[in-house]
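Got some structures for you, see below.
After this come two complexes, each holding chain A, first together with chain B and then together with chain C.
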Partner chain A sequence: MNQFFAALVLIVAGGFLSLVCARQQTFSKGIAVLLISAGCLWGLVYAMTQLLGAHNHFTTFQYLNIFALTCKIDGLSAFFLVVIFMVCLLAAIYSFHYMGHSLSPVKDAANYFFFGLLIASMALVVTAANMITFMLSWEIMSLSSFFLVIYNYHLPENRRAGYLYFVFSHVGAMFIFAGFGIIYKYTGNFGFGAMTALPETAKVWAFFLFFVGFGSKAGMFPFHVWLPHAHPAAPSHISAVMSGVMIKTGIYGILRIYMLLDLPAPVFGYFVVAAGVVSGILGVVYALGQTDIKRLLAYSSVENIGIILIGMGMGMVGVSSHNPLMAVLGFSGAVFHVLNHAMFKSLLFMGAGMVLHKTGTRSIDALGGLLKSMKITGMAFIIGSLAICGLPPFNGFAGEFFIYMGSFKGIGLDQAPFAMSIVAIVSLAVIGGLALACFTRVVGIVFQGEPRTKAAQNVKETGSTMLFSMGMLAAGCIIIGIFPRFFFTMCLTAVSALNLGYARIPVTPFELMTGHITFAAFVFLLVVLVVAGVRSFFYRNKPVFRSGTWGCGFTQPTVKMQYTGSSYAFDIIGFFRPAAPLTEYHPPVTGRFPQKTHYKSHVADIAERHMDSAVVRPVLYLFDKLRWIQHGDIHLYIGYILLAIILLLFFI
Partner chain B sequence: MIDSILLWLTAILTAPFFSAVILKVKAFFAGKKGPPLLINYYTLIKLFKKGSVYSTSTTVMFKLGPVVSCATALTVLLFLPIAGHNPVFSFNGDVILILYLMGLGRFFTIAAAMDTASPFEGMGAAREAYFPIICEAAMFMILIFFFRMTGELSLSAYFSGTGSLALWQLAGAPLLFIVIAFFIILLTENSRVPVDDPATHLELTMIHEVMVLDHSGPDFALIELGSFCKLFFYAAITTQLMLPLDAGIPGLGLVVFFAGLIIVYMVVGAVESAIARYRMDKVPQFVLISFALAFFATIITLELIT
Partner chain C sequence: MILDTVDTLSSLVLLSVLFAFGSSRIPALIKVIAFQGVVVSIVPFFIGHDMGTGGMVFTAATLVIRGILIPLSLHIAIKKVAIQRDVSPVIGYHASIFCGLALIVAATVISRRLNIPSISDAQLLFPTAISLLVTGMFLLMARRNAIAMVIGYIMLENGIYLMGTTFSVRALHIVEFGILLDVLAGVMIMAIILQNIKQTFDDVDTTLLRTLKE
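After this line comes the complex of A and B, so read on.
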């Protein structure tokens, strides 16, 4: 445990030193990257040994002699620590060449300072073993990421994104506080134990409060509204960390609370599956409608959180219907997808960051043909896209395979679990298809074809640390996809920490499944090799020419004629019209010699659209009516304080 | 194992022949003589002999597309039980792998099409990305039906030996729904009329054919071979659904299977001759019928199996 804290101290010290010597820009950046990545590596190694040894560690500090700050590492914590440290390590390395182009060195140094704090606080969130420690690190996490989001604070839209994020994370934290409040009322201490003793109704209330609170952090529909604003605003390595790891602390929270509350009623499982289905499908539909590449990736995170929730929900259904195999498959599939999503989503954000860095635009329809000039980035991005679509032999498939297997176990059941399993399976299939459409669109429009504007012409990929991070993640996606066994065993260790009531999870049946994935990957790769061999055999000594694309008889094609991202997604968005209303603006063409015209379309997010009328306006109206309390008279304010204390004395 | 591999090779080698049956049936309905039954072999040989022209817009993805899409079709056939025999490979959950492998093939076909910077190919790619979403939902609905009936997740459990006969005895009526649903998926996934017209002359109205416009030579041959194998895969499943084979006499089983296969291809040809291609925005409704049928079939089995 001391090693763990030493690693955290190293990480925070890296950020702090960067701030201290901010004037020497390169040194400040270098020391930050060096110390943060060294700390992450140390933490990663430590968490890995804990996970493989399945040890439990427990440490308590006394704070001000009032509160005890307690940390505990069990299998679940260790698993999330591995994910956090791994992604943060690569993100820190990536940032070395990504950062340092701004004119204000203090701004960069502050960025590293908050980055260090964010990593340390995330690590503390997943190890916290009482309410005080948890909320303390949760708040540090929210605040440090808030400062990271407003890195480019001179842009008004970034300030707005930061504000939105701030409001969402604190309203979410309020729900979590309320949940802990209910628990404290019954247990009378700040510890995480003894929650099982709560009465049923209290458990239900607490669970739903936590679900909303953690769900808003995880980016679950309809609490995801902050996500597509905050992720594009932050620098790309921060988006990678936020989307790949930070939102997973919400998932961790739900898992931990589920474990602590010990909820056998089936309704929780159904609720989680339903939330997952809605997040999953709508997330990817909105992702299809985006023209900003980072916003698109942010919506795709909503989708993947949906997949994780479906897995967890099926696990809960398995627990409540006494089907151990289904429970373990559901939970471990979800946890596995946490790891996989952390890898490919941070890879994709890093790829998007490279594109943004070199072309200066995030707009998909302004790009094109980047694969020719950015080979490594392009291939890494394509690998990430294949993985996120859940296609074999990449890691996304391995994760979804287990969730499918778990959901199919539910088909053998009756009534409600059966119906939920059908919903889960069909939604997973639809999500898979939509994700494929979404990411072929990104790859096809951004990296293939011809450059659509000047921004995408003559770009070069530079920055070896950026390429290194992307290469490592892409390699990881392939390795996990082909050899999932080791990584899945890690997930099983994490799940066994959930205390599902099965004494020991046998490893053999799951090794059989991972073995099948490895086997199938090998068969497929062998066939690919054979076909490629046949192809090159037939191309021996053959005339091969290069010429223009066949224009179906049209001889004057321009790059503007290429299919755009909006037209690619048009039909699919149309299918989901009620949930994704499309607004188009284009002045009609008039006269015999029409003037220039334009076309603009926008896919609205219904949660965002209705948030204003359903939440913001009523709240504003209410507080407008209460404005008379705020009169500016200091005497009365002191009176309020006295009144509040006297009122509180009645209750304590 | 040996006979499974032999059957796998037979499937790959005969797939082009069966596709020519469709052409022959269409020619019959049109009152024409039609191309010879071996036409597809001639085409493949011709293409393999040629060189290629690559667009200056293309990258390595354009060359990977045909290889991967052909390899996925061949891999998928490895898991397919043919004429009631065991497939070459089989494991619990292989159907999920098969469906996702086909997705992989689709990804690469689309990527190869987007590589050319042609607006027509982009249009085809957008449609190729759209319709299979609903197909996939319908396929998983059919899988749910099969899982409900057998408790297994592998093609060999459904179709090897007396698998499909047992299915008919257990739930004959809902299985009829499944046959129709599966046939609709066959038409959609293999870009046949009424979803897509492989013989049309206007690029605007095509889906699959327009995506491979720029491919030539051996690359194009691989694409063609892949699509023949894919059609064989779907047709073989339909055949084995319709003709529950008794594997008692091995020779007879094979004859019945291939006769059934020809019938399925002839029905495809007849459908193509009898109806026109739907307007593009009607296609999703057509595919949704398949989902609805599979869904109702599953609901009916709730009564049959308790």
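After this line comes the complex of A and C, so read on.
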């Protein structure tokens, strides 16, 4: 445990030193990257040894007596620690070249300072073993990420995004507080033990409060509104960490609470599956409608959180219907997808960051043809896209495969569990298909075809640390996709910490499945190699011409003859019109020699749209009525304080 | 009832409270609070703690800060900023004195009810502490002049200190010293803010701060 804290101290010290010597910009950046990545590496190695240790290694650390701060590492914590430290390590390395020399050095240094705090607090969130430690690190995590989001605070839309994120994370935290409050009322101490003794109704209340609180951090459907605003506002390595790792702390919270509360009733499982299905499908539909590449990736995170929730829900259904195999498959599939999503989503954000860094625009329809000028970025982005669509032989497939398998195990059950399994399978398939459409759109528009605007012309990919991080993540996606056995064992260790009551999880069936995946991946690679060989054999002596993409034999092709992102997605968005209202503005084309015209479309998010009328306005109305409390007279304020003290003294 | 030294000191403190309520000029108020600070800080000498050298030093330092530093800095502050020497009361002087008496009675009743074990035999010590807390708060609310409000705040702090002396010896000095430093810093900051208020509004009347309301 001391090693773990030493690593955290190193990470925070890195950020702090960067702040101290902010004047020497390169040195400040260098020392921050060096210390943060060293700390992450140390933490990663430590978490791996904990996870792979022969016995589940419980370590407890206690500090202070009355409000004790307690940390404990079990399988689940160690697994999340591995994910956190791995992604943060690569993000820190990536940031070295991504963070150029800005005009105010203190801003960059502060960015590293809060980055260090964010990593340390995330690590503490997943190891916290009592309510106080948990809430303390949860708040530090929310606040430090808020400061990271408003890095470019001189832009009003970024300040707005930061404000939105601040409100969401704190309303979420309030729900979590309320949940802990209910538990504290019955157990009377701040520890995580003894929650199973709660009466049933209290458990139900607590679970739903936690579900809303953690769901808003994870970006579950109606509470995801902050994601598409906050992720584009933050610098790309921060978006990678936030989307790849930080939102997973919400998933961790739900898993941990499920484990602690011990909820056998099937309704929780159904509820989680339903939430997952809604998030998954709507997330990907909204992703399809986006024109900003980072907003698109943010919505895609909503989708993947949906997939993870479906997996967890299937696990819960498995537990409640006494089907060990289904439970283990569901939970471990969900946990596996946490790892996978952390990898490919941070890869994609880093790729988007490279594009943004070199072209200066996030708009998909302004880019094009980048694969020719940015080979490594393009390949890495394509690998990430294939992985996120769940195609073999990449890691996304391996994770979703286990969730599918778990759902198929549920088909043998009767009535409600059966129906839920079918719903899960069908919606997973729908999500996969839509994700494929979404990411072919991104890759096709951004990386293929011809440059649509000047921004996308003559770009070069530079920055070795950025390329290194993306290369590592892309390699990771392939390795996990081909050899999932080792990683799946990690997931099983994490799931066994959930105390599902199965003394020993049988390993053989899972080894068989992972073996099949590896075999299939090899067959796939073999087919690819054979096809490539055949192709080069037949083209051996034939001349090959290269011309512009989408030339189609026109004599005067222009770049405007290409598909745009909006046109590609139009049909699918049209189908989902009730959930994703599309508004278009374009003056009609008239006459034989039409004048210039334009087209603009916008896909509205129904959660965002209804949030305004259903939540924001009533709340504003209410607080407007209470404005007289802010009287402006300092004497009255002192009176309020006195009143509060008297009330506390005599009534509590 | 034997009249011991602590009770005498406590009654002096109570008198100073009433005096503070009745004084209309800031300089007089500062003198009263300096007197009160001195009296409050010498209470630990008579309370029957066996004080070591450290305790002596701490108490002496408290005396210096309470009796000299804080009144002096307030004095400098009014020299610098305030033309207006009037405390500008929200509640009039006679009414204030009457309220002060009522508050002291109420504090005595409350201190009986709270029933906190005291290490001293002094009868008046605990009621005095509570009355200082309440009257300090009252002064904060009932005066518009910013410096008078600072003095109310210091009175409140004196109350906390007296309350502390009734408990234990060991932790007292460290905690108290921390609080005292806070107050000192607070007074310094207040002096700066006073200057700003003065510059902006040409007055130190705190009701003018209402215009800052959104």
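Please note the rule applied: the second predicted complex is superposed on the first by the 604 of 652 C-alpha atoms of A that agree within 3 Å, B and C clash if a C-alpha of one lies under 4 Å from a C-alpha of the other, contacts with A are read in each partner's own complex, and residues count from 1 in each chain.
Following the convention adopted for this analysis, a contact is a pair of C-beta atoms (placed from the backbone, for glycine too) under 8 Å apart; a residue touches a chain by one contact, two chains touch by 3 or more.
Because the structure is a prediction, the values reported are computed rather than measured.
Chemist: Tell me which partner A:Arg256 touches in the superposition: chain B (first), chain C (second), both or neither.
Modeler: neither
Chemist: With both complexes superposed on chain A, which partner does A:Arg535 reach: first (chain B), second (chain C), both or neither?
Modeler: first
Chemist: State whether A:Ile445 touches chain B only (first), chain C only (second), both chains, or neither.
Modeler: Touch partner of A:Ile445: chain B, not chain C.
Chemist: Who does A:Leu642 touch here: chain B (first), chain C (second), both, or neither?
Modeler: second
Chemist: Between chain B (first) and chain C (second), which, if any, makes contact with A:Asp633: first, second, both or neither?
Modeler: second
Chemist: Can A:His224 be said to touch chain B (first), chain C (second), both, or neither?
Modeler: neither
Chemist: In the three-chain superposition, say which chain, chain B or chain C, touches more residues of chain A.
Modeler: Comparing touch counts on chain A for chain B and chain C gives B.
Chemist: Residue numbers of chain A touching chain C in their complex, please.
Modeler: 630-635, 638-639, 642
Chemist: In the complex, go through chain B and note every residue touching chain A.
Modeler: Chain B reaches chain A through residues 48, 50-61, 66-68, 70-72, 74-75, 78, 89, 91-94, 96-97, 99-101, 103-104, 106-107, 110-111, 113-123, 125-127, 129-130, 132-137, 139-141, 143-144, 147-148, 151, 153, 203, 213-214, 217-219, 221-222, 280-281, 284, 298, 302, 306.
Chemist: For chain A, which residues are in contact with chain B within the complex?
Modeler: Against chain B, chain A makes touches at 368-369, 371-372, 378, 382, 386, 389-392, 397, 400-401, 404-405, 408, 411-412, 414, 418, 421-422, 425-426, 428-430, 432-434, 436-437, 439-441, 443-445, 448-450, 513, 516-517, 519-520, 523-524, 527-528, 530-532, 534-535, 538-539, 542-552, 557, 559, 561-563, 567-572, 575.
Chemist: Which positions of chain C touch chain A when the two form their complex?
Modeler: These residues of chain C touch chain A: 90, 137, 140-142, 144, 149, 206-207, 209-214.
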